[in-house]
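Shared between the two complexes below is chain A, which has chain B as its partner in the first and chain C in the second.
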Partner chain A sequence: MIYVTKMPKLDLEQTLTGHKGIVWHVSWHPQGKMFASCGEDKTIKLWSKEGQEWAIKTVLVDGHKRTIRQIEWSPCGNYLASASFDATTAIWDKKSGQFECNATLEGHENEVKGVAWSPSGQLLATCGRDKSVWVWEVAGDDEYECEAVLNVHNQDVKKVAWHPSLDILASASYDNTVKIYKEDPADNDWSCFATLQSHESTVWSLAFDKTGERLATCSDDKTVKIWKEYKPNNQEGVIVADKESVWKCICTLSGFHTRCVYDISWCHNTGLLATACGDDIIRIFKESDDSDPNAPTFELVCTKLDAHSQDVNCVTWNPTGNQEILSCSDDGEIRIWSFSSD
Partner chain B sequence: MASRFSGALQLTDLDDFITPSQECIKPVKIERTKTKTGAKIKIGEDGYFDVSNGKEQKLQKVEITLADCLACSGCITSAESVLVTKQSQEELLRVFSERKYTDNNGVTNDVRLIVISLSPQPTLSLAARYKLTPKEATDKLAGYFKSLGADLVLDMTIAEDFSLLEAQQEFLQRFQNQLHDPKSKNLPMLASSCPGWVCYAEKTHGNFILPYISSTKSPQQIMGSLVKQYLSKCREQNPSEIYHVTFMPCYDKKLEASREDFYSEILQCHDVDCVITSIELEQMLENNNKSLRDVPGMELDWPWEALGEGSPLVRRHVGSGSGGYADQVFLYAAEQLFGEGNAQLTYKNLRNPDFREVVLQKDGQDVLRFAIVNGFRNIQNLVQKLKRGKSPYHYVEVMACPSGCLNGGAQIRPVAGESGRELAVQLELMYSELPLAMPGDNKLVRKLYGEWLDGRDSDKAAAMLHTSYHSVEKSDIALNIKW
Partner chain C sequence: MTKTADNVNPDIYDKGSEREITSSDYDENIEDLFDEREIFDLIRNINDPEHPLTLEELRVVEESNIKVDNIKNLVHVSFTPTIPHCSMATLIGLSIRVQLLRALPARFKVEVEITPGSHASEYAVNKQLADKERVAAALENNNLLQIINQCIA
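Showing the complex of A and B:
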């Protein structure tokens, strides 16, 4: 009997058009049967499957006056948050039967670049060109209260991401760093307790693994870095100060990307990493079987050349773990891919 | 290095420290004679040279003043470099040394009178830092400033009292106006003594929020008027020959002092020439390897002898360590509007200790609802409440720093091993032990209303004790647009 080792591959399922101009972001609904997209055309489009084909179900317009940079579904799947260059963040829900904008978060001085829901759905973080990161609390029906305004980055903040199970927030910035924050229960105020410094240019995006003890970041310096949290009294003997965890860069993936890496997605089921790059390529990395937890090695298992005809802005694994990937690009297209490794 | 401005100002780009923002949109005016089109500019080691005319003409360096920044809607930068020119310890020391020079050389013409006004919060900050009692710290600060060359070192109780009395009067007026016209924007009245908050409101919420902000000047600026307009006359001194320094808990006060509203074209001077903060004073002492403990103490001055006796002291007021605005206005309004001469203030914390409210009930009804809102996050929530028409308040004491002015942005930082909260609690305790000032009983204030201001409701009182605010419109010029 002959065993044939198949190469892992990314198959295009469908190409979706409909947005005018750049598509900035796509976000899976938590159940993985629907997703939302947004972009330069100031609209949000909701997509789901009709038979075998993905198609537009709803188009949300008039929520924003300028480009919509990011959209995110709440963990319960009932709310959608959109971050826009018009300095506002809109919250959409379909309590009335169809999706409507029922709250607008104002406060950022100018362009809002990123938005993220905490795992409980009780908190929302936003970030933007004014260098600040804001934490909002859901305070009741369509009411959002500002919990914190964090001014620790020196430049534009590109993206925010929550720990998968705790109220710990991370932000990536044009100042080349990542900052990590949590709340001080003594006065309910938030502060930065770790700064991750190693990237040599803008950090564009970041993603926690399923445990929240590792963080992957991607940058304009063409690298991806993996960071690990070392808690106080860690077995490895890494010294921590002030009883706070320290985050160390334990792996740098360099030499793979030829341009800026705009986005990274860490699949919480398979542990696979997917990256979106300015060289129009989507890459998939897999941790080696014999990888040292304190100095892991990752292998590039799949390179999808010409995944788009221009910059790939966003890449995201289907949260159900079915190995489906969504991507979108400056070329105005959204693509759905299926990853297979055997 | 972290910005030293309050959070509210950091957000509005006021933390571009070293130089004005690279995106500064102030148009540059180049003085030039008529030429043909085009200019040739040569970059030399010591500047830029226009060589269009065949010979090198050095181009002027563009200078941006703080006033430019405050009036501009561009980057809102008032960089450290801009502040440094007029508002630094170096400038203060320069004025002192100039003064020493004239003294030593027997020059009597054009000598500047140097007046220092001490506010309570930084005095307590220094007391905590050098482990002194507030009285000791006050005396030693007076001794230190005099050793540098100050002529008068004053406490600001008089100005604080004026500010509180004017605020409570303004509140009654606004309350009545609101009754007559429920759609007017008289209430809630928002406190105006925090320049970080005022600057943020002007730059980001403009005409929506400004009508609510109390027109009463802050103690710093009332002290400025008193020194430049009244004290100068008593001393038969030209106001522009008085150099007036205030000692303050926050950098934002420098911006306030630099406002054009507080510059007199006629007198050719600002009401406050220089603001020096707790941290800067600590640095000045450290630069001379001095501890405040070792400085011989001196009594504060009492320059109001023409109006009667008095005891100069740094004092507290009823209520918060930010000056007690909410409590003072609440107590007065309870008595004047509802006949409650002995109203009790029991604050209830809302989402966090920096958003507190207090209610006066009459016949089971809430008749007055006041709040104290400290820190930028709570300012956001207050502004959003107002925008959605969901503010239940009649008055709000708003301060940009968490915990208010005792925790001002330029107060001395906690020493190693001490938490910021512990230090704030210590300062609050020290504040509560200061002798109490009673604005309503201040005879000096009453006399000044008569002799200086021509009565409480005169135009002069309005000019000296009140100010106005200006919305800064966002301009959408091409250079501003980014995406």
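Showing the complex of A and C:
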């Protein structure tokens, strides 16, 4: 008799080349049938499937004068925002029939490192080396107004992420902390209401789970941390001052990553966590079946060694929940993977 | 604009000898792994940003402060600024890093750090040198790149 133990695995579907130099970021279109990539070569490439193969559909050039660090599709899928080291954020759309840049957001003093659309698509957040986080409102056709400049980090801000359903914003920084912000409806002022302190080095990226009550963060300290929101009058009896929620670190995944963890993606369909690491590995973590919601345990269910030949910079689950993963690397390549657990 | 060097009168040391070439260097059947000496040869002649001297002559870099792991593809270089308040420490570290990134195969992870205890801002400089996003952004700054290229040339 031969017993076959089925192990969760990550199968490579395709390797895509085309960028010159570091590929910093990849972003799925909300419908999951197209994605965008960007990097050191100052171009944005849009990819979709031709038959069974992914191929470049469009290349956007001349939008930026320096490295493009991040790109993000708006929730409606009609706009693309790109953040660049040239201190600007560009908004692209194809109202004219083809993609072109119809708005440029200026204000950051130098490198813009992160950009994110709010769930409604009405707000946009950017962050950068000047230590600030900006909130922009979509004011009309190709018009964006600055709603707030938040100066609460004391070092550069690496990434911003919105809560999946509310206008709550989180930012990760070189100052080792994560800050959470919201708008006060009384005076429309944005402010920081929580500082998440526990990482021992730069926090590179962050991702909310589908409820928005948990946040996963990854860091140069080689750990991943899971944080939970405790609202006023919570059942657990966690003390909450000033009627504001408290965020507590409820789990630290250490001993898995051997170098800086550059990115983390939380699948809103399966609850699986994927990480991109400087040790060239993609890892998948799954919450244990008997996990305590206030002190959860996660198991490493898949380790893809040599996922790339250099640092993995970005990893992201297909938003349709089909367990497809996109990754990109310093090696100039983009890879598409399919995860299977049975 | 003239600026006085942080350390006006640094100690100067003799240069070491050239690497001895052995018969195995010519043997195509012997796999040639990277060793500490080879890494040292790549960085010993980097010029100090402030003096007409090399990093070897100032003992900022020494072969004994280099570690190579060919299996883990790791290169670790500790460098020693001539004085603990040297404002050029980040620039020197960046020059070493850039030289190794250009010269070594991409599979290597290069770590450049200050020799423990030799600089007042050791932690801050090390953190900056280890942040590849900051390094990438710095290398897009033409003025800085020119200075680094002069050091490496």
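Some points to look at:
One rule holds in what follows: the second predicted complex is superposed on the first by the 337 of 342 C-alpha atoms of A that agree within 3 Å, B and C clash if a C-alpha of one lies under 4 Å from a C-alpha of the other, contacts with A are read in each partner's own complex, and residues count from 1 in each chain.
Criterion: contacts are C-beta pairs under 8 Å (C-beta built on N, C-alpha and C of every residue); 3 or more make two chains touch, one makes a residue touch a chain.
Model, not experiment: these values are computed from the prediction.
Of the two partner chains placed around the shared chain by superposition, chain C is the only one that A:Arg259 touches, whereas chain B remains out of contact. In the superposition on chain A, no contact is made by A:Trp54 with either chain B or chain C. Contacts of A:Thr67 after superposition on the shared chain: both chain B and chain C are touched. Looking at the shared chain after the overlay, A:Ala186 reaches chain B, while chain C stays out of its contact range. When the shared chain is aligned, chain C comes close enough to touch A:Ser309, but chain B does not.
Looking at the shared chain after the overlay, A:Phe99 reaches neither chain B nor chain C. Looking at the shared chain after the overlay, A:Arg129 reaches both chain B and chain C. Applying the stated contact rule after C-alpha superposition, one finds that A:Thr202 touches chain C and leaves chain B untouched.
By the document's definition of touching, of the two partners only chain B reaches A:Glu109; chain C does not. In the superposition on the C-alpha atoms of chain A, the part of chain A touched by chain B in one complex and by chain C in the other spans residues 66-67, 85, 111, 129.
Chain contact summary for the complex, chain A toward chain C: residues 22, 40, 66-67, 69, 85, 111, 113, 129, 156, 158, 174, 201-202, 220, 259-260, 278, 309-311, 330-331. Residue ranges on chain B touching chain A, taken from their complex, read 3, 7, 10-13, 15, 204, 351-354, 375-378, 380-381, 384, 387, 402, 421, 482-483.
Interface residues of chain C facing chain A in the complex, by the touch rule stated above, are 106-107, 109, 127, 130-134, 136-137, 140.
Put simply, chain A touches chain B in their complex at residues 66-67, 85, 106-107, 109-111, 129-130, 132, 145-149, 151, 186-189.
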